[in-house]
Each structure stands twice: as structure tokens, then as C-alpha cells.
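First chain written, first letter: the chains are A, B, C and D, and each begins at residue 1.
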Amino acid sequence: MIVFAAAVIIMTLFAGVFAPNDPYKTSATVIRTAPCADYPFGTDNLGRCVFSRVLYGGRTTIAATFFLVFVSFAIGTVIGMVCGYYGGIADRIFMRIADITLGFPQMVVAIAVAGILGAGMKGAMIALGITMWISFARLARSHTYSIKNEAYVKTVLFTGKSDFYIIMVHIFPNLMGPVLTNALTQIGTTMIGLSGLSFLGLGIIPPTAEWGSMISEARAYIQIAPWSVFYPAAATIITIIIFNYLGDVVMDYREAG
Amino acid sequence: MEHLLEGKKINKTFVTKGKETTALSDVSFYLDEGEILGIVGESGSGKSTLLNVVSGLIKADSGELFYGEENYIGKGPAHTGKFLRMIFQDAKSSFDPRMTMEKSLLESRRGKQDRGELSELIKAVGLEEKLLSRKVSDMSGGQCQRMSIARALYSEVGILLCDEITSAVDVSSQKQVVELLKKLNESRKLSCIFVSHDIALVSMLCGRIMIMKDGRCVEEGETAAVISDPKNEYTKLLIESAKKQSF
Amino acid sequence: MKEKTILNVKDLSAAYEDAEVLSSVNLSLKKGEMLCIVGESGSGKSTLLRTVCGDAQIKVKNGCVIYGDRDITKLKSCERQKVLGTKIGYIQQNPWGAFNPLRPYSIQFRETLKSHKKKYDAEKIAELFSILGLKDPESILKSRPYEMSGGMNQRIAIAASFILGPELLLCDEITSALDVTTASAVTDELLKLKKETEVTIVMVTHNIGIAANIADRIAIMYKGQIVECGERDKIINAPEHEYTKRLLADVPQLEY
Amino acid sequence: MIRSVLKKLAEIIIILVVLSFFVFVLLYIAPGDPAEKRLTSQGIVVTKQVLDAERERLGLLKPFLVRYGEWLFSVIKGDFGVSFKDDMPVAPKLYKGLVNTCILAFSSLMLSLSLSFTLGVASAVKKDGIFDHIVRIFSFVANSLPNFLISVLLMYFFCIKLDIFPVIAAGDLQGLVMPVLSLAIPMTGRFTRQIRAEILNRMNEDYVTGMKGRGVKNRYIILNVVRNSLGHIFTIVALQIGTLMGGSVVIETIFRWPGIGKLVMDSISARDYPVIMGFVLIMGAIYVVVNSLSDVLDRTLDPRISE
């Protein structure tokens, strides 16, 4: 599966190399061509190469997903560690907020943001990020809290080392495992969310290639050119399955010890 | 006479779920230089809380704690670490799973590091030097517990607070750890508070004993005197039960 | 006492997934005796009990456990369900490990009895409770395990085993999680019950001191094998195996 | 018990007030002038005078907090203002949409819950059997499917290729099938996985061994385990309410189901703020109330959970 995941990432990262055609070049002569040698996945309503668009679209989706997961991971982990380590009133307030926002309807946030700022990648990212960083923060906090109460951290307290030293040397390395696992499992969910928002027109705005918006556009002429829906759909499903499977495997492995 | 460590009228109450539980009420104790004091009690007697208060890990509600003439109540472990170290029940979790033993040991000393002394100490606690390059997952519970004693010694303090340190290891390691403490007590004048639920074990190691129940000290005195002629009802029951486990 | 063998462990080897825990264990139990199996953590003593009960995670590699005239390691799960409880009882170390912590004892007693097509007999429960030093059986039966102390729970677990009237009772460190004073009270009560019912008891413990005080016979386990087995006096006073000697020397004794 | 319910109630109210404030702030900082937008959308030529009059009429000239207070009070009275698009009161529109959305969401929730509960418990009990493997594969794949994709594919095969169901859900029973399925399939996958894991986890508790040791019948053991898991399963469901809401917006848009989600999607392009605000507030309120309820329920079923 790692091989598949790597293949997907490389294919889309170097979309320019693998793509046979310009994904944005419209051509009136080849509108809705069925898959053929020149256009492996056919063309869409504007005569654009679906295969190239799937590759470039993958780049948009995957890059946005990784960026979002990474930012949430960074922010969430830092806040979680600080809350878990120091406790106190700030921690309690944070936990209340986290309890409430955990699972808060992302779509509602996205709609609120899009309704006011207008549609766009920024709104979609904010909408998804607002709940995602919380999951990292909660996880980091609970692990920090339990590591802090482990005998080895208590032992270090007697040596007079600074809080920063303890967090960086003892706590952070020991919570990386579970938090990174969470990052991996979040990838699939984030892709579903991002492409869903784009599909609704609340995320990436056409003509930028993105799987969700490609499917949304092509839906109108699905009877005439089903390939322009099926290939991006298949790409989406396969990618999500690959990353979800990876997440499951790592999770099982960690649970088994 | 001046005591090495002394606690006066220590009180501590925990609040969980809106309910108050008194963990310590008016507990006083002292520890003289070169002495091993045993504290015996069952779960919930407050013995571990007392040790945590003495070490500075938990703050007492009221009372006084003296190290020599210095009242250090309210000070945290960063301060108390200059003269005492605590050793915990769970030996394996006393070491960072990602660190080698050597790193863990070096970390414990505030002053100048001395690797020669380190290897000497490892031998003094009955371990081999090559264990220093290991991580905790490759060591047994008994080895870890001796390693944590070595770590405390390397930090150059004179007082060890032992919290049920032999409860999680098998009987032969338990014996080894106890013998080691005895030896260090004689050779290095190490002073020690030894908390345990096992009165038989304490009777083998400690010169003086304190019996705790429900957050109070119910009896205190020379070990031999307390065991052969207990005054308190609870102490009698405890000794009675312990006798049923000896042969 | 008539010397009748009720359980026979023959050349038993068993393993969890890949690690072998028991190797060629031989043991026979006489009716009405109290046998203590003593060993340290990892010696395989608890696994031995669990193998007799038929734990699905343990794979029997070799040998058998004869109860009656059958090898009970080969029972189907529905047959085993009928044997466990009524013929062979089993109590584990965790005092909260006998009952669902969230439901009243009375319902769970009913479920236990119904599983064996027996009637709920409040009087018999009350009688068992009084031997075990449990006062006010009605209010206890109405309460739920999570509200009760460990000692209480372990006593009620013992009552739940005895209500089914087993021939053989397997006790896995049942006093290890309790305080010393509670533990000795529970042990005394168990002995009282044993006298009344003449049940055979196998008691697993890491504490040879307990064994020395209650056992008729003692078996010493070390690294998955029984290294020595014999009458209580012989094991305590004239041990033969090196490990037994070391164990006896290392156990802390009250000094005064 | 009563105290904790009251506490929860106070908490809900505080959260809702904070939420409403955020919604109002978002609106306040939003670019574009609602008055201008409103006039243009009605085809009126915008002059300074007309604009000022319109602003005055909409109450846009009053101080921020006064406007918030007035808005909050009318919302409490059930008045969400008038639509910028057609001057009609928003509340009835939201209400009508909400009823339709609830029908859709509730049907799919019930469908997937009953399915996943059965599948989850059964596959946990028969762990590692053939049935368990099939359930695991199904739930894994279903969980990986975005619901907009499912609905597009379902629509293609059942409505266009096979022509069994109508493409546009008219709000009747037949039109309900496709949207319900699209919502329920991924949700069933997710629930099944979580319920299976929860039951498996609880099967490992010591008391299960204890019961087996007394020869208690399997049936009773499973009932005990399921009973103890219920509280947590409710929490799992409550946490998915957010996803369900989001999903219904997508599904309603695709199948043109006349729910609140479709209403709000239509309003976004028109910058019809009162509708958007009402939507966010109502959805937030439902989410908060459902989760508080499940929390109380969980604590009642398992009193060991600490405060």
C-alpha cells in the first residue's frame, strides 16, 4: 500500500511529466471524446483532457490535504502539549471548547464562511481546519497529561530542568507516534471533505482542476460523457481507500504494540 | 536534636467529583541521618501521599517541612531535588523509553558529569556496565529498579524516598533491592524513607516504623518494639494478618 | 478422606500465539484437597488455570486435562459452558472481574442460575453471604459492583461460585489485589466454606506464605513447569528443588 | 442528577449565545453592503438617497451591539428577519426546509443505525469469521466513499440507466429512497466500524472472563456487553450529527430535495444573509443539544464516568 500511496503522490506531484495534454487547453473540435489513445480518459465538455485534469486535480487535492493536515498537526500539537503540561484554567477552557467543536458540522462552518467571504479554497480550508486541529490538540493533550504523570518525567522534575527541556526532550518525542498516526488517518477524511466542498462550489473554483469540482461540472452531461465523471470519481475513491488503509494498518500495528 | 528531615502537622485533602477525601491529617514524622524509616499502611492510608508531599511533588494544605533548619514547604521538586530523590513503584516507567540508561543517569546530576563514577555506581548496585547502553524495554523490572537507585545515587543526594519500590518485582529481585538499600545505608550513610504495604518486608529493613491508617499515623516506634508489642488495634490486626502469611 | 482423583493434567503443553507458556505439566488433584500452585509472574500458573477453563487464546500443543473421564481441553464451547460453574468454578484476581460493574448483583445472580437452569434461591444466597461475613444481603444484591469495595466484590464472587455447587474451584490470585487485612479475612472465609461443602480448591498465588498457611499440598511452578509438588510440610520444611529453596529464602518474614 | 441537567442546560444556553454572537460578527465583517446588494437584486437603480433610506429601513445604521441585541431578541421570538431576495419572512422557509431535512436525515440515521448495530455486534461476536471479514471490507470501503460520489453514481445507475427512481426528488416517498441511501451508505460504514471496535473492546473486559468462568450463557454475556456499550454508542452517533448535517446539504443539492440545505445553498450565491444566519444558528443549536443529550445519557448509563 505504501507503494501505491507513493505512486499516487509521485504521479500527481509530477503531473506535468505524466500528463499527455495541457489540462486547461480547451478545444472545440474534441468535445466529449470517448477515451482513446490521445485522451486516455476522454475529454470533457470543453474538450479538455480528462486524464491530465485528473493528474493536475490530484495535485490540488493532495497538496491541499497535506498542507491542511500539517498545519492542523503543528498548531494542535503545540496547543495540546502546552495545555496538557500546564493544566489550569486555560486548559479547562480549552477542553470545553474542544468538546463542543469536536465533530462540529464542518459544512455549516464552510457555508457560513463561504456565504460571507465568498467561495474559495480559503473558506474550505478554514472550515475543515477549525475542527481538525482540535483532534490533534485533544490527542496531544491527553498524551502529554499521561506522560507528565509517568514516573520518568517526575524523576526529571527533581533535576531542576526547565519546562521547555522536559517538553522537548521527554514529552514531544514520546507523543509523536500516536499523533502522527492520527495525521495519517485524517488524510482520507480531509480529502472527502475538501472534494465535497469543491463539489458544492464552496471550495476550489473552476477552471482550476480538482476532483470534486470536475465531477460536479461533468455531472450535467453524465449521460453523454460518463467517463468525465467516472475517472475523477475512481481517482478519488482509490486515493481515499489507499490512505485510509494505510491509516488502519498503522493504527492496528500501534495497538498491537 | 536536629533531624535530617522533619514534617510537622501535615494536612492534605483531595477534592474529586465534589467530594472531599482527607488523605493526610496532622501527620508528623522525622528522619535522622543514616536512618531507614519504614512507613506501612494499606491502600488509601495516605502513605504515598505523605511521600509525595515530602518530595514536593504534591503541595500540602498546611504543615511544615524541614530539611535541617530550612522550612521548604511549598517548594517544588526542582528545589527538593537538591537534597532528596524519589524512587517510584513502577521501575520500568521510571525511564524514558527512548533514552539509553546512560543518558537517563547523566541527566539526573546537576553538577559536573563523571563517567568513571557512573560505572563505579553501576557495579555498586550490582549491575553490569554494559547495561548503560540499553533502553528500558531490554531490561527486567528488578534491573530497572536497581538502575533507578544508581541514578539517585549519581545525583549526589543523601535522602531516598522509596514509594513501594519492590511491589512490582518478583520476590528474588525484591530481596536483592532490599539488601542493596541496607548495604548502601551502611556504606554511604544513605538515609531513606521506605513506604510499603508489606509489614514483613519493612520489618527486615527498617530500624524505625510508622503505621498509617486513614490519613493518620496510628503508631510509631522502634520496629522490633512495635511488632512484638503493638499498642494500636489496627497495628495488631495488621501484624496478625502478616503472621498468617509467614511460616 | 477417600483418595479419589478428580482432575488429571497429563503432559500438558500450551502456548499463547507463539510463546510457549506451559511445557509438559503433570498434576493430579485429589477430591476435597486444597492445592496451592506457587510461582512468580510469568511462571505459567495462571495460564494453567485458564487452560483448564478453556481460554480461546490458549492453544493446547500437547497433553490433556482429564476431568471425569473426558479431556476437557477438547470440549465444544456449548459443552464447556455446561461444565463451567456447576462442575468447575473459576474466580480471578480482579475483584471487579466477576460481574458486570454496571448492573445489580441480583440480576447477575439470576442470569448465572438461569444459564444452568437453576432456580433463584434467596435463602441460599443469604446463607452464603452470612458465612462470608456479608451483612444485609438484600441491600447488597440491589447494589451494583462499581459501588462496592474490592473485598466485598471478591466475597460476592465467591458466593456466586458456591451457589452453583461446583466440585472443583479454581482461584487465580483471588486475594492479591486486596489489602493484607482484607485478604486474610477473605481467605479465612473461603476456608470456612470449603469445610462445609468439601469442595476441591486449586489456589494460584505468588505468595508462598499464604500457601504455607492454607494448603494441603503445594506445587511450585517455574518457567512453565512444575518443579516440585508435594505435601505442604515437605515443601516448606524440606524443599528439594533449588528454586523452591530460593523462593523460601527470599520471601520476607516478619522479624521481631 | 437534576443539578447536572441544569448545569448542562446553562451550558447549552451559553454556547448558543456565543454561537449567535459569532454568526452576527461574521455578518458584520462580511464584505459587501447588504442594502446595496438587496436593491440591485431587486433591480432598483442605486442612488445615494435610495441607499441611505434602505440602510435606515434595514436598521443598518444603529450601533453594533444594539443591532445584535435586537436581532437576538427577534430570533428568540422565532423571527429570523426577512429574506433579502423576496422580502418574505425567513422563518417559515427555514421551518419548511428543516422539516424536510429532518425527514431525510432521520430516515437515513435510522436505516444506517439499525444496519450498523446489527452488523457491528454480529461481526464483533463472530470475530475473524467469514462474516466478520465481509463486514469489515464492506464497512471499510463504505467509509471511504464521499457521499457526493455515491449519489452521483447511484443517480447514474438507478435514475438514468435503469430509470427506477426519479432524478429529482419531489419530496415524496419514492424520491426519498436515493437521497437516503446516499447519506446512509458511508454513515453505515463508519458506524459499523466504530460499533464493532467498541463491542470488541468491551468483550476484553475482565468480567466477561468471570461470567464465562461461571458458565453464563453466551446470550447473556453479549447482552451485558451491549448494554454497557450503549452509552458510548450514543456518543458515537451524536458526534456524527455534524457529518450528517453536512452530508444532507450535499445530497439535498444533488437530488434537489427541498430541505434546509438546498435552501441555504441557493441563498449563498444571492448573499441572502438572514437565511444563512438562520441556518447556521439552527444547525448549531441542533448539534449542541443532541450532543449534550447524548452526554447526559452516557453518564446515566455509566455512572462511573467522572465529572
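Definition applied: contacts are C-beta pairs under 8 Å (C-beta built on N, C-alpha and C of every residue); 3 or more make two chains touch, one makes a residue touch a chain.
Since the model is a prediction, treat every value here as computed from it, not as a measurement.
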{"item": "Chain whose Cα centroid lies at the greatest distance from that of chain A", "value": "C"}
{"item": "Interface ranked first by C-beta contact pairs", "value": "A-D"}
{"item": "Chain centre separation (chain A, chain B; CA means) in Å", "value": "50"}
{"item": "Distance from chain D to chain A - Cα centre to Cα centre, in angstrom", "value": "21"}
{"item": "Geometric centre distance via CA averages, chain D-chain C, whole Å", "value": "52"}
{"item": "Complex contacts: residues of chain A adjacent to chain D", "value": "100, 102-108, 110-119, 131, 188, 192, 195-196, 199-200, 202, 212, 215-216, 219, 222-223, 226, 229, 233, 236-237, 240-241, 244-245, 248"}
{"item": "Chain A contact footprint on chain B (complex, rising order)", "value": "55, 57, 76-82, 84-86, 88-90, 93-98, 104, 107-110, 148, 151, 155"}
{"item": "Of chain C, residues touching chain B in the complex", "value": "40-41, 179-184, 187, 206-210, 212-213, 236, 246-247, 249-256"}
{"item": "Interface residues, chain D side, partner chain A - complex", "value": "15, 23, 26-27, 29-31, 140-141, 143-149, 152-153, 155-156, 160, 238-243, 245-247, 249-250, 253-254, 264-265, 267-268, 271, 273, 276, 279-280, 283-284, 287-288, 291"}
{"item": "Touch list for chain C against partner chain D, complex", "value": "53, 55, 77, 80-86, 89-92, 94, 96-103, 111-112, 114-116, 146, 157, 160-161, 164, 170"}
